[in-house]
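Two complexes, one shared chain (subunit A), two partners (subunit B, subunit C).
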Partner chain A sequence: MNQLMFFSLSPLLIVSFGTVLSLLLIAWRRSQKLILVFSLIIFSVAFICCCSLIVNLADPVQITQLIKVDNYAIFAFMMVLVASMVVALLSSSWLTHSVEVHDEFYILLQLVVLGAGILVASDHFASLFLGFELLSISLVGMVGYSRDNQYSVESSFKYLILSASASSFMLLGIAFIYSQSGSLSFASDLFAMEHVANEGSNQFYHAGLLLFLVGIAFKLSLAPFHLWTPDVYQGAPTPVTLLLATVSKVAMFIILMKFWFSQSAFLTTENSMTSVGNLISTFAILSMLIGNALALKQQNIKRLLAYSSIAHMGYLLIVLMIVFPQGMDLAWQSVLFYLCAYVLATLSLFMALQLSQAKGVEMDMHVSDWQGMFWHSRLLALLIITAILSLAGIPLTMGFIGKFYILNVAVQAQQWWLIASLIIGSGIGLFYYLRIIFVLFEGVNEGENSSGLSFTISPSAKVAAVLSIATGLVLGVFPDFLTKLIFIL
Partner chain B sequence: MNITLVMFSLVLGGALAWYFETIRTHSARWFALLTVLLVSGYFVLSLIIIETDFSTLQLLTRISWISSFNIEYALAVDYLSLVLVSLTLLLALICVLVSWQEIQTKTGFYYFNLLASIAGIIGVFTAVDMFLFFFFWEVMLLPMTALIAIWGHENKHFAALKFFIFTQVSSLLMLVAIIAMAAIHFQQTGRVSFFYQDWLTLELSSSTSIYLMLGFFIAFAVKLPSIPVHSWLPDAHTQAPTAGSVLLAGVLLKTGAYGLIRFVLHLFPSSSSDFAPVAAVLGVVSILYGAKMAFAQQDVKRLIAYSSISHMGFVMLALFSFNAIAYQGAILTLVAHGLSSGALFALAGVVYSRVHSRDLTNMGGFWQSAPRMGGFALAFAAAAFGLPGLANFVAEFFSLVGAYQRYPLLTIVAALGLIGSAIYGMVFFQSVFQGDAKKDSSGEQVSITDLTARELLVFSSLLVLLIVIGIYPNLILAFFQDANIALAIANQAGAL
Partner chain C sequence: MSAIPLSHILILACTLFTIGFIGVIVRKNTLFILMSLEVMLNAVGVAFIGAGSVWQQADGQVMFILILTLAAAEVALGLALLIQMQRRFNSLDIDLLSKLKG
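For the complex of A and B:
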């Protein structure tokens, strides 16, 4: 292992070493504040490491067969780290209500980050599976963490069983693919593939691909594998829902992209593209339509966001339809930009959700609980509005640029059906997005003192809110700042 | 001339109004008025000073914006844009004045939204980078939706939602067409470009061009609005606050017509020529349907809203006749309808502020108590049905004369719309101002206060403009004498 490898692996090493140290720290002193600060330090050191890597790393670095660190992976890991920092901060306010010391929660969080890091950097089915399981198992623990919540057991069981079945599907798929290609590495199976293709007996390969995609689709909650999403979102504590919605989705999508583009050289060479491509477009169309349609009547904010995230993953799936090599750069850029916009908007919404919840009480938030917020807690309302507009893809926000990217990809790939369902989907989506915004502007009921309603926000939360509003708007109007960062490469 | 400055100061003025309202009540409206006055003053002055010939597009600004897609911040104006921007600023002034007493809650934020949507509309009229155009096209929607959704009447959320979704979905179609055009530009020249004048040189195969043209056409037809995508308009107009209705009818509908002229006709001359019969039929159906529906309404604002659909049908018919006279007629219709329907909506707002109802059955006999208001109402209703001497007459006459050369039969049918408009105009006037005065619950006759000085100023300035343009239409037409250069291309394409 030379120095470059060590350097490029350093963010992962920092997080894993930090996890071990945290375990030791618990043995030494159990203090929630201490472990929170320690986790934040780990994440920020890893983040700084990523920053220096993304500036200095010119070419992808292959570290053994298992891991390949490139700029896309680092950028995705940065998103994961930012999201996890917000999760850590948000959970600190939520975990204070009982006398217990919740050290384990932070250990689990660190493991989730580690799993996501391995996942985005993996170049091999073995490391993929490792990261996948690390991510899922730690998440199961976190989903069921608040034992006294009525939905806690239900949602963690649902998540456990469905994750397990998803990974078994995936394993079988990997086995099928291996049986045809003779290698577990993403990149090296192309030669082997060609002879399979020539023989024309590639049903096993296709079945493997199908099963593998099903496993991923479970985690990305693509329709028709989305049924767990709303229940788990609702039952999990808000910071954990945030983790599910951002970290897990980002990591899974990045690995899907990596896998897909490594196979696409094979997929374009013959007409198998059409069958697998049709499958992907079916997933995409179903997710866009079902996700948006089911979100329409939701009153519970978390369930609504769950359905809307299904739709967003459907939009993103369009990017996979580009398989010619010239389009890869655009595809990667689109995915990273869109994910960035999605993560930022989701972070803002969950931040607002947590801040507007009564302190220490875990309860279901409904859209109507935000009524009239614009007139008494303006900052929080602005945070929600920018996030919602971004999710709806309205200009001035990052979400619009993200949608613009996706449409660009779709036009280049000439996927008119996908474009049509994207338009229909976003049309439906406007109904529930705008409803939330209208609720924010609605008058406060007479008789209630509007000053008594306003939510108390700590100064640090205020700074975070202003920061996310500003980032969303600045990058929405001047997306060049971000695209240049992605393409320093 | 610096359009960027105009837009920026409008938004800034709105923000200041919002801020100072929290410090001192009623300061927002003064800030808004001052901003619009200053901006209009600057605009008029720079128009007088500058001696450029605007008969073709004159580039004002061109800066790189999003380099990864070669998107630029590019603004350009010609006489068409200038006339429409002037109309926008004039109606902005009217809007501020009619909201003076009407808006009592959340006033600061109201004026911010009003000025922001005006800035967005000006952006739409001047942008020549297609991405920028789309950007403004959407940005003007947001504050407009807020105006309807926050300060509207009883059914405001439904109306705002409908308005937003109609325009948003149709404009996504346009976005796809825009992206496809940029991709075609890339194929032909090896360079992505969203710049309007680059696109004029593209060669499109007829099959792709018809789809792209439809993408643009649908977005603009929704805005215009034309049958069968008009149904957002009656709701949005009815539920919006007065200034919102004035702005919607006066300027927002014109962005649709502007888009048809600037983009559909110029970028896709041959496929618009192929499509013209369909568009003309849609126009004629809109004229008749709008007139028929207006006649059947009980709600004053709904009546005026349907009359807008009818009048915009003339624009559609005239534009797709590919004829210089019809083209001039269409542009005059835009201006005349902007003034007259703005005035009618303002009038409906004034009546509403007196009787708190928009229902015709609750009105009647107001002439006795408010003769000046009645006089203006009669004049504006007469303008709407095209009484000679007023601007709308010239506009509709030109449109029909021009259209007759291409679609004689359709034009004859369309002319029936003029009769319809006379009928609904008189129904409107008679049921509000004539007949027996209504009695209220205690048996006394309802009497309403006549126009105040501020309202008098609003209506008389609009009426003067309508008369001046009606008597001397060359005031506007002079700018469009040689505007048919571009249309000549379309004509040639049509002749092929």
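For the complex of A and C:
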């Protein structure tokens, strides 16, 4: 382990060391403020490490067989860290309602971040498996965290059973791939594939690939495996839903990209590319259409966002369809830009949702609860509007640029069916996105007492809201800032 | 002793896995669902150990130890949720958990 390896592994080391330290901290003194500040410090130190790595790291660094740190992984980890800082801040306001001290929640949050970090940096099926399970098992604990919520047992049980079956499907797939290729690392599969291809078509290898993709598709909640998403989103506490929607999705998508691109060089020359490729495009088309169509009738905000996230993952899958290796850089850039836009919009929406929720009550928020919000709390309404426009892909927001990138990739890959369903899906999407904006501007009923409607927003939340509105707009008008950063990678 | 061909091991693992999966789908009692999940994970373990011994590598066995750890963590969470469910509903019937719809 030389110095470069140590340096490039430092963000992960900091988070894992921090987790151990926070366990010690709990043994010393149980205080919610202390642990909150401590986790924020861990995340920000790791973030600073990532920043310096991105500037200084030129080539990918392979650390043993298990982990490969490259700039894409670091950039994705930065997104994860930002999202989890927001989650920590939001959950601090939510957790103060009950008397207990909630140290464990922050430990689980740190473990989720660690799992996501391992996942985005992994280059081997063993580390993929470790990161994957660290992420999902801690998330199960967080989904069922609030014991007084009526839905908590149900949603966490659903999540536990379904995610455990999905991960055993994925593991069986890995076992099949290993049994045929004799290696667990992504990269050396290439040599094995040559060997397998010479022997003729190998059913176990393809079955393994299929099972592996099913496991990943479940986690990304792609269309035939999306059924758990709305239920878990609705039942989980709002900050945890935010975590599910951002951190888990970003990490899973990045690892899917890494796996796919390490294989695709071989898959293109072979017949299996067409069958696996067809599978991926079926997932994509189904997710875009089903996600958007089911969101149309939703009144519950969390369920609506769940369906819209299904559709967004469908859009992102298009990027996997590039067939020539030169397009790989463009594909990475478009994925990272799109994920940035998606994470920022989701963060702002959930922030608004948490702030507008009545204090102390974990109730279902419906779209009609936001009625007339523009007239009594401007800032929150503006936050929601910019986020919604970005998700819908209206020009002058980040979402538009992201969608433009994806269309660009799709045209280069000549995937006309995918483009058609992207356009149809976005068209359907406009309907329910714009409905939320109309609701925001509707007049408040005079009969109802509006005392429950005025939200008290803390100054720090105000700063965060202004910051995310400004970032969304500035990067939407001048996307160059971000693309230049990503192009350096 | 003649070596067992790889395909036999994989077919055995597949059969076990299917039994476990059918158990997860068919069973109504949550405790039995958790047990069927264990069957699925152990089927994967059989496949890994078989593949590892065919390739003469330790990787398969290492993966099996990781899977055991996962199974333990999963059961710990599952049983905690089970106790909560028993307290709240006085029953372990999975059909009681059907409030979230739409």
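Keep this in mind: the second predicted complex is superposed on the first by the 482 of 489 C-alpha atoms of A that agree within 3 Å, B and C clash if a C-alpha of one lies under 4 Å from a C-alpha of the other, contacts with A are read in each partner's own complex, and residues count from 1 in each chain.
We adopt the following convention: a residue touches a chain if its C-beta (ideal position, glycine included) is under 8 Å from a C-beta of that chain, and two chains touch if they have at least 3 such contacts.
These figures come from a predicted structure and were not determined experimentally.
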On the superposed three-chain arrangement, identify whether subunit B or subunit C touches more subunit A residues. C
According to the stated criteria, A:W417 is in contact with first (subunit B), second (subunit C), both, or neither; which is it? neither
Return first, second, both or neither, reflecting whether A:F204 touches subunit B, subunit C, both chains, or no partner chain. second
Let me test your reading of the model: by the given contact rule, A:P230 touches which partner, first (subunit B), second (subunit C), both or neither? second
Applying the document's definition of touch, where does A:N408 land relative to subunit B and subunit C: first, second, both, or neither? first
I'd like to know which partner A:V153 touches here: subunit B for first, subunit C for second, both or neither. second
Of the two partner chains, subunit B (first) and subunit C (second), which one does A:F17 touch, if any: first, second, both, or neither? neither
On subunit A, positions contacted by subunit B and by subunit C: none
Once bound in the complex, which stretches of subunit A touch subunit C? 125-126, 129-130, 133, 137, 140-141, 144, 147, 150-151, 153-158, 160-161, 164-165, 167-168, 171-172, 174-176, 178-179, 182-184, 204, 230-231, 234-235, 298, 300, 303
Which bits of subunit B are touching subunit A when the two form their complex? 65-69, 105-106, 131, 134-135, 138-139, 142, 145-146, 149-150, 157, 160-161, 164-165, 168-169, 172-173, 175-176, 179-180, 183
Name, in rising order, each residue of subunit A that touches subunit B in their complex. 333, 375, 389, 394-396, 400, 404, 407-408, 411-412, 419, 422-424, 426-427, 430-431, 434-435, 438, 441, 443, 478-480, 483, 487
Mind listing the subunit C positions that touch subunit A in their complex? 6-7, 9-10, 13-14, 17, 20-21, 24, 30, 33, 37, 40-41, 43-44, 47-48, 50-52, 54-55, 57, 59-60, 62-63, 66-67, 70, 73-74, 77-78, 81, 84-85, 88, 94, 97-102
